[in-house]
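By letter and in written order, the chains are A, B, C and D; residue numbering begins at 1 in each of them.
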Amino acid sequence: MLYLVFLTFGLATFWLLMSGFWDNPLLLSFGVISVLLCLFFAWKIEKKYPFHKAISLLPGLPLFWMWLFKEVVVANIDVLKRIWLPEEFPLSPTIRTLPMSQKTRLGKTTYANAITLTPGTISMDVKGNEVTVYGLLKESVDDLEKGEMDKRVSKLEKRIL
Amino acid sequence: MNLVLFAATVAVLVIMALALVRAFVGPGVYDRILAVNMFGTKTVLFIALYGFLTDRPEFLDIALVYTLINFIGVIAVLNFVKDTIEKDQPTAEPSTEEEL
Amino acid sequence: MLAATSIAVARMRNLFAAVMLFGIYSLLSANIFIIQDAVDVAFTEAAVGAGISTVLMLGTLVMTGYKEKKPSRSSFLPLFIVIVTGAVLIYGTLDLPPFGAADNPVHTHVVPRYLEESAKEIGIPNVVTSVLASYRGFDTFGETVVVFTALIGVLTLLGVSLPPKTPAQSPNEYPPQPILPIMAKLLIPYILLFALYVQFHGDFGPGGGFQAGVIFAAGFILYALTFGLRETMQLLSPNVLRALAGIGVLLYGGTGVVSFFLGGTFLNYSVLAQDPLHGQHYGIIIIELGVGITVAAVILSIYYAFMSRSKALSTDNQIL
Amino acid sequence: MEILINFISAILLVLGVFLGISGAIGLFRFPDFYTRMHAAGVTDTLCTACIIGGLVLQAGFTLITVKLIFILLFTWYSSPAAGHALIKAAHKTGLRPLLRKDSEQEEKSS
């Protein structure tokens, strides 16, 4: 249920920011109706497929995003080198299955998406507690195996539980 | 500043053209999907840039629609591809079909 | 690029690739519309052309098979006909006044009035919406009815059936693969809200009933793609949709009739409120709502009808 | 101050375009589908971020900025999901990736 509360806030903010008409009572009332309608469908989905209390990644999220952004930049530079100077920096495509320490689906999804978001590594398959990673470089997969990202996502997850 | 915006818009067009070429030559369905996906994301950027270039920021709504549609489209295409192409079928088509 | 794409589409024997290129074709033409400042048209093209028609064409492909047959006859006759038609069309355009000239009939007939008076008479900023919904209210009503008729046609031909329950899935479990369903679940409420935003801000910016309906339907199609068709039908059943499509048309027509009885003519909304400006505004909002509801319901119904025909698609997918 | 902002914005735009073009070139230079996915990843992530960032600086602190950020957020949320789905579908339907010699065994064992 907490998820729906957060969703209400999120949706209301989204509407207000998109609309930009904050003093027009007609549009505001339309906004209320629209948010309620969306909440209705979200509630129906939620009933069927609940998030396991996994509601707010919010408090830890900005920090994680900042860290992730740094990772993305570093990984981008790595891939760029391979694109422009293929002779000096050869490719070494690798597939490896790594363990993941997250407990919830949301956590696993976050981890897998973070892997994909950093160029150079793509999560190929998530099965149980393992994720199959396809990496452009052996080194980047090695880095991933050290598990810093895994730890950070799990830390995010701990705040939820 | 407008010059930079203009240059960026043109450059994004060039990127789109390159992605388009990739979509034409394939090889194979998945390369095409990848290229189409990239084409879509670049279209979003193009619209946003063009909106700024002509001072019509309401174009951003359209850009947002594109992001949505592109995402849903790619998922849809993948779904159908998976259902139609059987596993034993080669994913790269014979080269005669990839001329152009 | 547009030309190259269309040539490639015609040459492609693999219909999957052709459909995808069609998607690109739509995106490109939408870009051209944008460059020509036809924002609303671009909006529609983006939503309908690139998204929904691609999905529906793919649905058709799954039903019919994805390799085009090799043409058995020579392609000379069709080519000849196309060339002749093209030549006639080009000859026709020679008679037209130069493109963009200020004294073209297009620019002197009703357009100046629309552009100059619409702000005064209708009182909303987006001229396209006021033309569409007010000056050309009849045309738009006709279009809505056409959409509705298309639905009736498709439903008569195909029909919708609830796909069988998959035995492997216990009722309260996620599909086996977490990523896409989770992402879809996170995003769908916002997609729906965005559609409604487009719906209600049609008078201020680009957008309106048609586009909103399409985006709204797209949100549910995403749900169907990730959670399976059966789930979606439980969320929003085909019968409800059929009713909604009717309600949308009725809402539109009803507005016209009400204005008729209040002393105006059919679809003249000025009489809906004390102040004609407000009357016009409310009228437009209501009929846009009617259009939106109809379009969303029709597209989703057609999607249901297509997908429930194909057994492979209606069951849950394991790969994604 | 304004000159500075314009300058940074221009740099971000140019950087974004450079990344985009690199990605597009990578789309041609890389040998197979799986490696090309990474090239496309470059354009989806940092290139979009740079260009949107540059535009945000241009727009200043307005609702336009908010919309731009929505676009960026949505791209960053949806593109990994799409990429994941794409590579997974390709892998499941049996498209073989090019691999380093010694990692062949790893894949077999996994």
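Note that in this section contacts are C-beta pairs under 8 Å (C-beta built on N, C-alpha and C of every residue); 3 or more make two chains touch, one makes a residue touch a chain.
All values reported here derive from a predicted model rather than from experimental measurement.
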Which of the two pairs, C-D or A-D, is linked by more C-beta contacts?
A-D
CA centroid of chain C to CA centroid of chain D, Å:
30
Between chain A and chain B, centroid-to-centroid distance (C-alpha), Å
23
Where the centres are mean C-alpha positions, what is the separation of chain A from chain D, in Å?
15
Could you grab the centroid distance between chain B and chain C? Build each centroid from C-alpha atoms only and quote it in angstrom.
21
Tell me, which residues of chain D touch at least two other chains?
23, 25, 37, 67, 70, 74, 77-79, 81, 84-85, 88-89, 92
Can you tell me which residues of chain C touch two or more of the remaining chains?
179-180, 183, 194, 319-320
Mind pulling the residue numbers of chain A that touch at least two other chains?
14, 18, 112-113, 123
Set of all touching chain pairs, with the criterion as stated earlier
A-C, A-D, B-C, B-D, C-D
Spell out the residues on chain D that touch chain A in their complex, using ranges where they run on.
19, 22-23, 25-26, 29-31, 34-35, 37-39, 41-42, 45-46, 49, 63, 66-67, 70, 76-77, 79-81, 83-84, 87-88, 91, 97-100, 103, 106-107, 110
List the residues on chain B that touch chain D in their complex, please.
1, 4-5, 7-8, 11-12, 14-15, 18-19, 22, 28, 30-31, 33-35, 37-38, 41-42, 44-45, 48-49, 52, 57, 60-61, 63-64, 67-68, 71, 74-75, 78, 81-82, 85, 87-89, 91
Residues of chain D defined as touching chain C within the complex
74, 77-78, 81, 84-85, 88-89, 92
State the interface residues of chain C toward chain D in the complex, per the touch definition above.
179-180, 183, 186-187, 319-320
Chain D partner contacts - residues on chain A that touch it in the complex:
14, 17-18, 20, 69, 72-73, 76, 79-80, 82-84, 86, 91-97, 112-114, 116-120, 122-125, 132, 134, 136, 138
